[in-house]
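Below you'll find the structures, each written out as structure tokens.
Next come two complexes built around subunit A: one with subunit B, the other with subunit C.
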Partner chain A sequence: MPDISSSTPLPGQERFVASVSDTPLREVDAVDTSAPPESQWKEAWKHLRSNPLFWVASLVMVVLAVMIAVPSLFTSADPQYANLSDSLGPARDGHPFGFNKQGYDVWARTVYGARASVTVGLLATLIVALLGIITGAVAGFFGGWLDTIVSRFSDIVFSIPLLLACISVISAVNNLWPDRGYWGSIMVVVLALGAFAWPQITRQMRGAILEVKNLEFVDAATAIGASRFTNLRRHIVPNALAPVIVTSTISLGVFIVSEASLSFLGLGLPSTVVSWGNDISQAQVLVRSGDNLDVLFVPATALAVTVLGFILLGEAVREAIDPKARKS
Partner chain B sequence: MWWYVAKRLLQTIPVIIGATFIISLMTYLRQIGGDPVAGMFGDRPVSDAVRVQIEQQYHFDEPFIIQWLLFLKGAVVGDFGTAFSGQPVLDLVKRAFPVTVTLAVMALIFEMVLGIIVGTIAGLRRGRWFDQFSLVLSLALIAIPIFVVGFVLQWLFGVEWKIFPATVGGDWTIEKLIIPAIVLGTTSFAYIVRLTRGSVAESLVSDHVRTARAKGLSNGRVVRNHVLRNSLVPVVTFLGVDLGALMAGAVITEGIFNIPGVGNLAFRAIQQGQSPTVISVITIMVLVYVVTSLVVDLLYAALDPRIRYA
Partner chain C sequence: MNHQEPLLQIDDLHVGFKAGRKKILPAVEGVNLVIYPGQTVAIVGESGSGKSTTAHAVIDLLPGTGRVTGGRILFEGTDIVAADRRKILALRGSSIGLVPQDPMSNLNPLWRVGFQIKEALIANGVAHGKEADRRVVELLEEAGLPDAERRAHQYPHEFSGGMRQRALIAMGLAARPKLLIADEPTSALDVTVQKQILDHLDGLTATLGVAVMLITHDLGLAAERADHLVVMYRGRVVESGPALQILQDPQHPYTQRLVSKAPSIASQRLSSIKARAQVKEQAVEQAAEAAAEVAGSADQLGEGSGQILAVENLTKVFTLRGARPWQKSHFTAVDQVSFGVQRGTTTAIVGESGSGKSTVARMILGLLPITEGRVIFDGVDIQQMVGNDQRLKFRRQLQPVFQNPYASLDPLYSIYRSIEEPLRTHGVGTSKERETKVRDLLDKVSLPSTVMSRYPAELSGGQRQRVAIARALALDPEVVICDEAVSALDVLVQAQILELLNDLQAELGLSYLFITHDLAVVRQIADNVLVMQDGRVVEQASVSEVFDNPQQEYTRKLLDAIPGGSIPLAGV
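Showing the complex of A and B:
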């Protein structure tokens, strides 16, 4: 009879036990339980710092911010100066990407175009986030008939295609208020996007509030005498805000693309405003004939890199605040 | 289940009525801003008698609420009014609808087949070069505006290589719609790749897959029957809702390739202030969205037994 306790087990009866240093237990053991608890945001920042994508996105943001604040650092050419004899001219000294059909400097227009495009994205996001957070918080926290009204109304607005709704609004405003200048034009696009894009944030915020509302720490706050409103303001909204911030960051990129799409249809910013959308849509005619493709590619690349920057920033923040997204 | 379907159908009615209200309000604003009767005649003068007759025919002389109620009244019996050209709006829509539906369905097939294949391979080989490549590709496709993709493909296939016609025009065929369908589906393709990759990667490490492997099933069978079947639930829901989005997003694609579809019809009608056409077309898009999301909800419950009809 073989000795069962011998060091060579029978085939099929081998046992393998991993040493503690190879198991996830090592991480659990490494946690210092005596350390003070960190806030959600501080912990998120720790994760964010170690994510290379976050730094790539931040770099894009910084370059963009400088480009918007002092465009003359990037180009010495005037985006509003055109010379028809330069039409579709190739690159030359001081004009790295040549000229477009009207003889404007392609690079100068791209640098100065950042301002209008990013402003539209930022302001539209701000309006959508504010509207969405307030309506979603009210619907989720108070429930009842307020919830019914907000939810049904957001269902209605959500069902109308965003682009078509914006086209309708802007073409109506074009007749009511034709000469509206730089800021007027930007505000009309911003308000049109803002008026129809908020339901997504409302739904998300409402869901997050409903989830947070019944957690223990809210009960604890109530127990130590916090009023309903204090609870909402100090405890529920801050904890439900994380997913909304992520969606807003990503939708900022979507709004920049929407402005370009509207300008492509001739309903975004007027051609007097230097913007990426305008430059890209004007380049369409050239693409069909196929000469100086930089006229299309330079503003399109600038737009794509910017949008990508905001998407990556949103994703990095999502990973940092959502432990479930971290492991993949 | 039938009770649930009936309840959901009833819930859609206020959504559709509300949507027609908002769209009517926007077209009414357009009427205040620009005289639609003058627009109809262009440079020629309009006599007062004709103007009064036209205003009565299109109810431009009525207050907003009455115009909206008249539209609803007509829509219930299937009368969506007449366009400025004198054709019934329903005829225009009937002519434009098949093109857009064909285009949207082709885009849907493209993004579904390619998106699921690329996403699955990326999810199965997480971290390898194909995964990295598909991640970069999908991010880039999300960031590039659809019309830039459209210009480039139009130029490559239509002008440089002359494989497909650059524009579609009135006599459309399925072959002519291939490139526009790919353009229309690019953004959603990128989303499907990311969605499939994520859920395949997630279900690869789940308990039921480990069990299947422990039973000794071959790798192919595990992937087909256990990983894919479960990870495709979110993809199917995305595809369903996407059909409506594709039809609305067709405005841009139809503009680039000159396709006589619903998007083109809506865009022109909005610009010319043709209220009956605008309200009808957008309402139909709302209807498509509402119906597809209802179907998706039902499908969702059928695919995932954990979800029960409430």
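Showing the complex of A and C:
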């Protein structure tokens, strides 16, 4: 003990006792019952609600959804009706953006094209997420040789460029099954994208599972007698899902672009299917001639706005779920 | 005494955190504090009391939206609050040094330790080039790191926690500041390492004449190290004055509470030993009744013997990966450990991190395979158990409470679901009956039933630990294994949880296996102690024997390390 303590205290260090009324004593570790209870998801929703980007994205989603469900609300023209005398005709009453080379109504085709594009995006995301979550969970949870096999296989698939793989697969299918109709064509594109895009989710899921499976609540569940599988299903996977949800929302936009790219190359959906990719592909020759550029711009803008909407939604969800991503 | 000018003077300091557009949440309200050159002043308080915020205001390192909203901070007569940025930058490091709280995250893992200290020297213009390199080695030596020249070229991951904290002390003192702010410098370390480091820091600051502002939650530690104490509670100073006076004659009810409850101080009291003896008596009685029931029941595992848990020659060998895939090495984490737990009593396993104490607990819980030896639960060898049925019975009767209250509850499960989960897993009762049971359990751990719909993130560490205890008790177990169950909590909350565990033991006749690194809490909860070092049991005796007459050098070292042990208390 230093000698200062025994002598008189220095100025400013005299004994001081605050009056109890200034800081009344609380019960030790009392529960704050004033705030309403909140789960992690409720908290995320609260954060999402206050994000303007989320509302912009939601508006795009709602408009798209209505467009897909009741396209006739937006246009009275028939997307499959063509009159060659209207070829590249300018806008007129009931046809706000004029006609394309074959004489189809540009706006009508854009409205009806939403269905194919968004369906491809949604279904491909669903397949990729399911494949990725299952393979990633198995690899991360069981580890060992199973992990090695899944990880190496996903690395191999990951190393093949997505578009290149889809081009080869769809060309092959075109030879085997040339006439496959509207839904057949969509399914082929969806499956091709799904078959090659899952490794990204697998990797992410595997990493998240590795992190979660060593947390104490997993041990606590084991100690009450929960089986390994119950543990995986009830505790580990739900806690590892957040990053996967975020990536999936963002990749939805990527799949819509991929479909457009494939259709642009003449490989995605056949020209009988009304889709943005097809329309953009057919309109590109016009860029040089300078005739009615709306033929190109309208479907291209629709595509851009949709993809932007999904990416904004993904970004907003990411900010809401992952507090580290928030800008303070 | 010569009349000195104060080095640091804080007048009526107010700090607030911005929440929303106009709202400011006050964190520090009207704090007054004076530090003289060469003096050690401790700020004591629980988490959220504003002690760290006060310290961070002094070096203008308030996190996030924190702002000084009023008052003055005078350092050698100049007001830091009103000063411009350049002036504060000049003060940081060269006049005011900081030793941060968490040695694990405060060193950049990408740079060599020596380089990071050199940075501090160059930034403050103390030394450059070769000269700086030489100085780094000197500083590390001074901070008590052996083989400093080699250590300076290592990366942080090659250092243990204690060594990292020494490196951070070297960094804080690099530019020979006049004031060193030590923010809970040893909270993350083992008690023995804590003592070494604080002893060293004491010596060093005394030789260099550096004033120290020590931030801690442990009153015992503060009183042992500081001349002047400032006790903070809910953003205000509730009591301040000479350390000894405060400890022997606390005036404010909060300080009185701290002095009477903090385990480091309470462990010295005879009253806590008497209280424990009473608990044990009741618990053993209750346990005997429970044992008679077990013996007569086919539902339960075991034969109702007096010794509920016996461990014989328990050994765990881990196989470690070597430098090449085909090279393997073996590491014996637990070596021939044997002990027994009598019904209704508590056996504590004490040791530093790496002593193998948690590995023992995990093997008994069946979370880790046993390399060698036997664990016998109430007459039944747990490795000989056949079938799921018997294993589930065993799980029901042995439950854990883990160390980290932030990780031991599933964040996606509401409190109700968390406590109900064991009942559901074992198919106990209807959903109505389960709800009644959960309410009853919450009541047992003194939590209001309104927390049922809440989620773990909304509760404090102590409250979560109470939920974890309620969950462990859901299946009416006979043995509860507490693995560092109170180590992560504030002292008062620690005392509260220990009290709760004692009450439950007396009421239900539970037997505890209590794993801890802190001998101070042992006296309030345990009857027998096992001291472990490097996987071996070095001493095994009753609590009073270990405290009053330790046989081993290592045990004595652990006892010495309890902070505040050397302070004479009034009314022991």
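Keep in mind that, in the parts below, the second predicted complex is superposed on the first by the 290 of 328 C-alpha atoms of A that agree within 3 Å, B and C clash if a C-alpha of one lies under 4 Å from a C-alpha of the other, contacts with A are read in each partner's own complex, and residues count from 1 in each chain.
Operating definition for what follows: a contact is a pair of C-beta atoms (placed from the backbone, for glycine too) under 8 Å apart; a residue touches a chain by one contact, two chains touch by 3 or more.
Since this is a predicted model, take the numbers as computed values, not measurements.
> Under the stated touch criterion, which partner chain does A:Leu215 make contact with: subunit B (first), subunit C (second), both, or neither?
second
> So, A:Val189: does it touch subunit B (first), subunit C (second), both, or neither?
neither
> Is A:Pro238 in contact with subunit B, with subunit C, with both, or with neither (first, second, both, neither)?
It touches subunit C, and subunit B stays clear.
> In the superposed arrangement, which partner chain does A:Ala165 touch: subunit B (first), subunit C (second), both, or neither?
first
> Look at A:Ala197 in the shared chain and tell me whether it touches subunit B only, subunit C only, both, or neither; answer first, second, both or neither.
In the superposed model, A:Ala197 contacts neither subunit B nor subunit C.
> Output check: A:Asn175 vs subunit B and subunit C. Expected answer is one of first, second, both, neither. What do you get?
Touch status of A:Asn175: first partner only.
> In the overlaid three-chain picture, which partner chain does A:Ala223 touch, first (subunit B) or second (subunit C), both, or neither?
Touch status of A:Ala223: second partner only.
> Once chain A of both complexes is superposed, is A:Leu10 in touch with subunit B (first), subunit C (second), both, or neither?
A:Leu10 sits against subunit C, while subunit B stays out of touch.
> Let me check the overlay on chain A: which residues of subunit A are in contact with subunit B and also with subunit C?
328
> Show which residues of subunit A lie in contact with subunit C when the two form their complex.
1-2, 4-5, 7-18, 20, 22-23, 25-26, 28-29, 31-33, 35, 37-40, 43, 215-217, 219-226, 230, 235, 238-239, 328
> Going by the contact rule at the top, pick out the subunit C residues touching subunit A in the complex.
Against subunit A, the touching part of subunit C is residues 1, 3-4, 6, 9, 32, 34, 36, 39-40, 64-65, 227-228, 233-246, 251-254, 257, 362, 365-367, 391-392, 395-396, 398-400, 402-404, 407-412, 414, 421-422, 425-426, 447-448, 450-451, 453-455, 457-460, 462-463, 468, 471, 475, 492-493, 496.
> Spell out the part of subunit B that touches subunit A in their complex, as residue ranges.
By the definition above, subunit B touches subunit A via 14-16, 18-19, 22-23, 26-27, 29-30, 32-34, 126, 139-140, 142-148, 151-152, 154-155, 159-160, 166, 198, 201-202, 244-245, 248-249, 251-252, 255-256, 266-267, 270-271, 273, 278, 282, 285-286, 289-290.
> For subunit A, which residues count as touching subunit B in their complex?
Where subunit A meets subunit B, its residues are 152-153, 155-157, 159-165, 167-169, 171-176, 253, 257, 260-261, 264-265, 280-281, 283-284, 287-290, 296, 300, 303-305, 307-308, 311-312, 328.
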